[in-house]
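What follows is a pair of complexes built around chain A, which joins chain B in one and chain C in the other.
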Partner chain A sequence: MKIDAETKLEIKKFLQEKIEEEKRKVIVRSAYPLTKEEMELIFTLLPFLTKNDLATVVDRTLIAGVIIHYGSKVLDLSVKGRLVNLKGDLYEAY
Partner chain B sequence: MRLIDQYLKEIEKKIAKAPKTPKVEEIGEVVESKDGVVLLSGLDNVGYGEIIELEDKTPAFVIDMTEETVGAVILGDFEKITAGSKAKATGRQLEIPVSEGVLGRIINPLGDPLDGKAPYREKKSYPLEKVAPGVVYRTSVNKPIQTGIKAIDALIPIGRGQRELIIGDRGTGKTTLVTDTIINQKKEDVICVYCAIGQKNSKVALIIDLLKRNHAVDFTVVLSASASDPVSLQYLAPYAACAIGEYFLDQGKDVLVAYDDLSKHAWAYRQISLILRRPAGREAYPGDIFYLHSRLLERACKLDEKRGGGSLTALPIVETLEGDVSAYIPTNIISITDGQIILESDLFNAGMRPAINIGLSVSRVGSAAQTTAMKQVAAELKLDLAQYRELAAFSQFESELDEETKKLLNRGAKVTQVLKQAKNSPYSVAEEVAVIWAATGGYLDTLSLEKVEVFEKKLIELLRTSKKSLADRINKNKLLEKKDEEELKRLITQHIKL
Partner chain C sequence: MEQLGLDPNLLIAQIVNFLLFFYLYRKFIAKPLLEAVDKERREEEKRQKFLERAEKEEEEIAKKRADAENQIKKEATDFLDKTRQEAELVRQEILTEARQEADEVKKKGRTLLVQEKEELYAQLKQKLITLSISIVEMGLKAYLTEDARKKITRNILRSSPHLKVESKNEN
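Right after this comes the complex of A and B.
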């Protein structure tokens, strides 16, 4: 099947845009729904978040704090993460 | 109670040291897992050769980056990796911890101990992949590595900083050559690294036992990635051994690294490349199989005085099939190294051990890396052997030949007999020089062939006991003076009556 060259280009551009969108998507996971003031605090500390589309997820297992996913990067500011690291350190020590 | 207090103190120390600021992590997810290689999505900002950590702290290193996936080779057990498990980038390149504590240890290519003792203290981390020192940093090879084997030190001398390939069929004595060389470095100031790639665990255990019995463990590191270890570790083993050698090289020391053997290393790399679906070339090896070995062996060098003056000598071993030195991997490595020692099973079976084919073996550094004493006696030796080789076909007609030819054949046979040596019995410089001097001086011509061994034993015994002063003098000066020659002559004619 022969695809028109222009159509191919359009499809490629569309795919690229979708991939870029995925990269810019930001997910904020918190242990309980965050209030407006708390969200403002996060935005002042991490300015690049405001420009992108935001999604919030509630995850009780985090105990407290937030985990921020943007693109393929993760910023773990939750208590659960600290506890997991502590567990790792304890096992390593002995 | 005290033990628990101790534990708690350690844990407190550990927690106090832990970093308190959260950092951004690069995360990926396993999409496919096949035979030691995982494909991951995510991990947008990893570099080639970077280490990533899978869920149970298993390390993997990035070897493939395509538009949508990242391919990584797992440095450990891959059976427990499931699709969907998370991976984290560490930002570090492949490296091995090094310090003086690594001497005498048996480790794997990641630095983990295999001898049951605690991990050695880390002083620095040396990268496994490194660009070899450039032309400006090097100087010419001028000091010898004494292997303690007469045939090699006289005819195919190896210098510090040279690469000498040891090639032969299975069971011809390649590993024995290397272990004998390591044992002989006891009195020299050379650090030895023995790298076992894809070997049988039983063989490595035997080698370690041999080194222990000969008190060679204190200056040797054994790095092993055996046949049952993951293929990724077998691929990394030679580079890890070279990295350890480079740690001591940078301190100005002389290092000897033996890679046993590079054929199995090439197989391991071929397995990884085929799993990664890279195009297969000749004998199914990938296109960069030459670069695999050339970048490893180029790191052997003799550094300039300004950079410390250290040296790293490489002894790669290659196993051939049916004596075919013109196969793919052997020819690759022959073109990289500065010479080869070719061992033949015909010679081995005929009783010539070490089974070195003098005619085909060569050392491109040659006499530039020989002590003066050895140079003095080796010239005669080469001549005698060359003439013997030429006339060897006539040795069947012994009774019908003229006197001259008979004399040459006799001398050649004695000299060849003298080049035989038992395994794990290295000779000092003085002992080698004395034995060869006696052979080329004609003192063996009147003996029968069986008595030559007895003569040699007696001479060595005398040099190690009553005539130790002569041996020490030759060893110290590395020179055979007139008075040494006369003393040797007296020693032979008066003390050895055969």
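Right after this comes the complex of A and C.
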């Protein structure tokens, strides 16, 4: 199926915009609703996050700490993540 | 002569008669009879010789038969011995092969056992680790209060100056 060049360009542009939009989205998952102070700490650690669309999600399974989803990247600062890492380390050790 | 009671004419006639009888007997009776007897005797001798020859041949045949029987028995015995020896060799070979196969099976079995044991240990360790982590997780979830969670979160955020953002495919 042959696509018109102009249509092709428009679709490409639209997809790129969507990708950029996704990249700008940031989701912060925490075990409880974060306070302003805690959010400030996060922004101190990752200054570029202030420019993005931020969303917070409460996930009790994290026990404590946060997980930050930024585009295709993930920053796991949760207790659950550490336990998972510990499990992996123990597997490798024994 | 007449005084003795002998008649010379009669005597002569009797002598002539006797001579004539003797001549005739000898020519027509004695000779064929003797020839017949002779012939009979010769026939008898022939039959006797034939019988002897037949007996001799019979003896030879019996001897040959006995020899042949002995030969057959000997060959049969040799054949049986040879067959027995070959059967014994085959039996030994089969036994050796069977023992080797049994040893291999034992060896494989031992190797398999060791492998299974190691796998079992590995599985057990993994389950133990998983269980331990789960217990810790459950304990933390049950034990930690809201304040404690907040304290931990703040400590984590404060003690993470240089952070590496891990790349993870969301899909």
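Going forward, the second predicted complex is superposed on the first by the 85 of 94 C-alpha atoms of A that agree within 3 Å, B and C clash if a C-alpha of one lies under 4 Å from a C-alpha of the other, contacts with A are read in each partner's own complex, and residues count from 1 in each chain.
Simple rule for what comes next: a contact is a pair of C-beta atoms (placed from the backbone, for glycine too) under 8 Å apart; a residue touches a chain by one contact, two chains touch by 3 or more.
Note that the coordinates shown come from a computational prediction; the quantities given were computed from them, not determined experimentally.
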Under the stated touch criterion, which partner chain does A:Lys80 make contact with: chain B (first), chain C (second), both, or neither? second
Tell me which partner A:Ile42 touches in the superposition: chain B (first), chain C (second), both or neither. second
Once chain A of both complexes is superposed, is A:Ser72 in touch with chain B (first), chain C (second), both, or neither? both
Taking the superposition as given, does A:Tyr32 touch the first partner, chain B, the second, chain C, both, or neither? second
Comparison of chain B and chain C by chain A residues contacted: C
First, second, both or neither for A:Ile63, with chain B first and chain C second: second
Where does A:Leu90 make contact in the superposed view: on chain B (first), on chain C (second), on both, or on neither? both
Between chain B (first) and chain C (second), which does A:Lys23 come into contact with in this model arrangement: first, second, both, or neither? first
Intersection of the chain A residues that touch chain B with those that touch chain C: 69, 72-77, 86, 90, 94
Listed in rising order, chain A residues that touch chain C in their complex are 30-32, 34-35, 37-38, 41-42, 45-46, 60, 63-66, 69-70, 72-77, 79-80, 83-84, 86-87, 90-91, 94
Complex interface listing, chain A residues touching chain B: 23, 69, 71-77, 81, 85-86, 88-90, 92-94
Of all residues in chain C, which touch chain A in the complex? 125-126, 129-130, 133, 136-137, 140-141, 144, 146, 148-150, 152-154, 156-158, 160-161, 163, 165-170
Can you list the residues on chain B that touch chain A in the complex? 7, 10-11, 14-15, 18, 22-28, 42-45, 57
